[in-house]
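The same chain A turns up in both complexes below, where it pairs with chain B and then with chain C.
The block that comes next holds the complex of A and B.
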């Protein structure tokens, strides 16, 4: 009993979110009038903040609990922070948007909190079944969220597409899990790793097949090549605040799961704090190719787009490519770079989608034409967008540059994948072309009619709140870097 | 110690914030604040000039402290004989350009904010002694430049702006790779440019690229060189230049030609030369050939232009070729000539662009010969004598007439290059450029200013006080440095001498 209680205590942040979820239900039942004002949002933000505080409290010593089903280490802690932050910001964005109707705000909050628990589970799972549960929890609720605008055809299409892709990916992944179970007799990460090491390089085709299948499932979550096809349509169709959330939250969760599986199951820690692939599995070249393909596909597809949401959707695929570069060398600096990149990406990408959401609320559409001259009528919005866009391109002074600097640094340091680094920087030149198209619309093109638009204070606060860390992290990132390193050091 | 370089760098940034906070409906207030803000770095620049120690090659006015500890990145600013002429050029031209931009009517606040931001970037590039810091400033400069060309430019501004941005970013990302590479291949890992320049760190190391073992130092050299060459611009990376220079508003063209182009050659002298001397020697011939191509190609292109501004733009390509030739000669005279040419080209081209801007403001076109073949300007010397006089000075300075500044630097460049036996043939070919330069400039002068007056322009107004005011300091510099170049040569002498010991 004491043991169980202790275990539950370690799960406190997720429990906290769940309790708030129940509270939302109850309050909604008792006071239906509250559902259409800002109350659900406030409750969501409070839930997220409370969970962050709890995360700080429980995250002291790394430990596995519930019989090794889940672990609580620095890695979990980091991703919990990231998820709760993302959820809080997303709900703030959503409540300022017309795309999330007032009458269904409570549903939005409920679904968001649910997904957050699922993401948290994905990051802490150390058992394939728990991981699967986490992924399904995120996926299924995401399908609903994508189709949030029931009366909108695009939104329905997004939901359906997401569902079909998700179903296939899940099926592939669970098949991979079953193969692993058949091979090693366990679903637990550390036991699988032990039997893979014990095989001493005697890795058969089946192991590879299992690896590929598991990768497919996770690639779907992070929208990496070749499982990225759903992303543009889903991102375009879903309400913009939800897109902002999708492009950061579930993606980061996918990265959490991918990193943990790769580093603890298919690789072993070496003495100097780096990792090397389990004997017989030459992972690095494969990751390099996937990373290259992902960023090329993302960037080249974005070039021809005219819908800003689609541009950002493809750009978010390209960013996955950059982040995967950090995995290629399987060393500490690369993974640290990924963690930093996720932080930077979280702020700048939510920010960019947020701007799109605001514009789309005003103009009712999201193509480049809708952005025409909007920088001049709403300078704060335009300046913030410029900051996010330059950061996404990876121009110095902004956090995106530091992310790329760290990633490219880790690749160059290893010396082996210079071509990938070269490809990466060339890709960021290509990406400039489509990013700048957005800025061109906003600033260089003059508005057709003189209109006086005002950016609501509500949005201005939030956008500036995301723009500031984007600049600050670009100029001084030592604390975050140290935090990321600490995060990794305790990876179980 | 008073952090004079940082103050000079960040005062414009502060000014930008002030300007953004000013009310939108009072453009004159914005303009005067911008003048006031840029006057401060100018005044400090005068102080720098007066108190700069000319006898030493070491860094002066140094500010150094840790910035990002885990990567050993420092905030390290300082200037030596190579940077101070560029710093002075920057503060002077920015100040004059702010005055020259009085005619900007739309988005005045944004324009001046971007202009001041640009000055921060330029100052930073010339003062930074840490590669990371240098890179940050180098790229920061792109952002205001993109908007300045793209918002306040001419007809094809959008294309010109994106072309400029893409080209420069392409160069920068290669520089980024080299920067990271230098960090990891140096022992101990550092971004400090002076430390990197000590003891030939990258000689003999190799790296595998596409299955080939390649020497690291030469790869670094090529990466850096492309990054800088795009900025210079060295043929064949020059195609952004005519677009950007022509489409940009006058003051921005002045900054582009006067300061930004110099960043390329400055970068080569600051990084390629001291950090990778072996590779530099290896590539000397290559640089020399590119320099000669630049001189001749730029001159021929300039000769073919019908647009006055495009002619001046191509003349920049030609004149930057002299800098390349001087640098590649590895002689004291040559390199001194190159750096002096950087300064002199900054003043004379700035004059030319300002003058083109003056006539464009009045006639709203710049055709020497209109595209349909009919006559553009003609014989306007009769109606605008002051304008013609100043144009003549700028033009003769630019083509290297003895007694004006261009002559000294071009003479030094060729003198230096000729005294290196390897390059004598090249020099003979390259000196044709002087002839061509005289040809296109004088031909232009003849067609625009001399001959019978085109009646269309008989009411052309001569320059007003503000315009004369912006040109007078440059005029004075061009004449004074043409007679007595020592004020600038003295500044850089020791630094260049020390730099060249690496190659002897």
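The block that comes next holds the complex of A and C.
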């Protein structure tokens, strides 16, 4: 009993979110009039902040608990912060948007908090069953969130496509898990790793089949090649605040799961804090190819698009390619760079989608035409968008540049994958074309009609709040880097 | 007859059934245009994984964890089917069809 209680205490952030979820239900039942004002949003933000505080409290000593099924280390702590922050910002965005109707705001908060618990489980899972439960918790609720505008055909189609792809991908993944279970006799990461090492490079075809199947599930979550097809359609059809959340939250959760599996199951820690691939299962060249393909597919498909939401969807695929690049070296600097990139990506990508959401609320559409001259009529919005776009492109002085610099730097330093780093730089140059198209439309094209638009204060505060870290992290990044290093040092 | 009996009580027999179900599921997902058909394909793959888990836990590890996973797979399959049917119903209300090819507003 005491043991279980102690374990539950270590799970306090997730428990806290769940309790707030119940509270939302009860309050909605008792006071139905509260559901259409900002009350659910305030409660969501409070839940996230409370969970962040609890995360700081329980994250002191790395430990495995619930019989080694869940681990609580620096890595978990980092991702918990990221998820709770993303959830809080997303609910703030959603409550200022017309796309999330006032009468269904409470459902939005409930679904968002559910997904957040699932993401948190994905990051802390060290057991295939827990990982599967976390992934499904995120996926199944995401299907509902994508179709949040029930009477909107586009939203429904997004949900439909998400469902079909997601269902197949996770079914393939669990079949892969069953093969791994049969081959190694365990579901726990550490025991799977032990029996893979004991096999001493004696790896059969079935292991590779299992790997392909598991990869298909995780690649779907992070929308990496070849499971990226759903992303542009779903991102375009889903309500914009929910797209902003999808492009950061579940994606980061997928990265958390992928990183943990790669570093604890398919690699062993060496003495100097780096990793070495398990004998016979060297995945680095495969990841390099996947990373290159993801970048190229994302960037080239974005070139011909005219819908800004779709451009950003393809750009988020390309960014997954850049992040995967940090994995090919399997050393500390590469993984640290990924963690830094995730922080930078979180702020700039939510910001960019937020701007699209505001414009789409005003104009009713989100193609390049809708952005004409909007920089001049709403300078704060235009400036913030410029900052996010420059950062996404990777122009110096912004956080995206530092992220890319660290990742490319780690690849070049290791020496083996120079072609990949070169390809990454080339891709960044190509991406400049479609990013600048958005800015050109906003600032250089004159609006068709003279209209006076005002950016609501509510949005201005939030956008500036995301633009500031995007600039600050580009100039003063050492503390975050040290934090990322510390995060990795305690990876169990 | 004896061959059949020994096959049905060996690991290989169960794995073969699992593999056949898996292949049928993939085939179903790839060829069906009907959304319910795709959903059935997904269920077949999930159950193939469930059979694998139970067989491995009985014949290979001797531990109960594989059977627990099979239970969880059933649970997830039910949850997924509930959401999937709701989404498909909604789609039907708006489009009067559940043909996956008709989901075509969002494309390049």
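We take it that the second predicted complex is superposed on the first by the 492 of 492 C-alpha atoms of A that agree within 3 Å, B and C clash if a C-alpha of one lies under 4 Å from a C-alpha of the other, contacts with A are read in each partner's own complex, and residues count from 1 in each chain.
Just so it is clear, contacts are C-beta pairs under 8 Å (C-beta built on N, C-alpha and C of every residue); 3 or more make two chains touch, one makes a residue touch a chain.
In this text the structure is predicted, and so the values were computed from the model without any measurement.
> For A:9 in the superposed arrangement: first (chain B), second (chain C), both or neither?
Neither partner.
> Contacts for A:237 in the overlay, against chain B (first) and chain C (second): which applies, first, second, both or neither?
Second partner only, chain C.
> State whether A:159 touches chain B only (first), chain C only (second), both chains, or neither.
second
> Once the structures are superposed on A, label A:34 by its partner contacts, choosing first (chain B), second (chain C), both or neither.
A:34 contacts neither chain B nor chain C.
> Thinking of the overlay built on chain A, is A:296 touched by chain B (first), by chain C (second), by both, or by neither?
Touch status of A:296: no partner.
> State the interface residues of chain A toward chain C in the complex, per the touch definition above.
Residue positions touching the partner: 128-129, 132-133, 136, 140, 143-144, 147, 150-151, 153-154, 156-161, 163-164, 167-168, 171-172, 174-175, 177-179, 181-182, 185-187, 232-233, 236-237, 301, 304-305.
> So in the complex, which bits of chain B are touching chain A?
Residues in contact with chain A: 67-70, 107, 135-136, 138-140, 142-143, 146-147, 150-151, 157-158, 161-162, 165-166, 169-170, 173-174, 176-177, 180-181, 183-184, 207-210.
> Show me the residue ranges of chain A that touch chain B in the complex, using the header's touch definition.
Against chain B, chain A makes touches at 376, 386, 390, 393, 395-397, 401, 404-405, 408-409, 412-413, 415-416, 418-419, 421-422, 425-426, 428-429, 432-433, 436, 440, 443-444, 476-478, 481-482.
> Which chain C residues qualify as touching chain A in the complex?
The touching residues are 15, 18, 22, 25, 29, 35, 38-39, 41-42, 45-46, 48-50, 52-53, 55-57, 60-61, 63, 65-66, 68-69, 72-73, 76, 79-80, 83-84, 86-88, 90-91, 94-95, 100, 103, 105-108.
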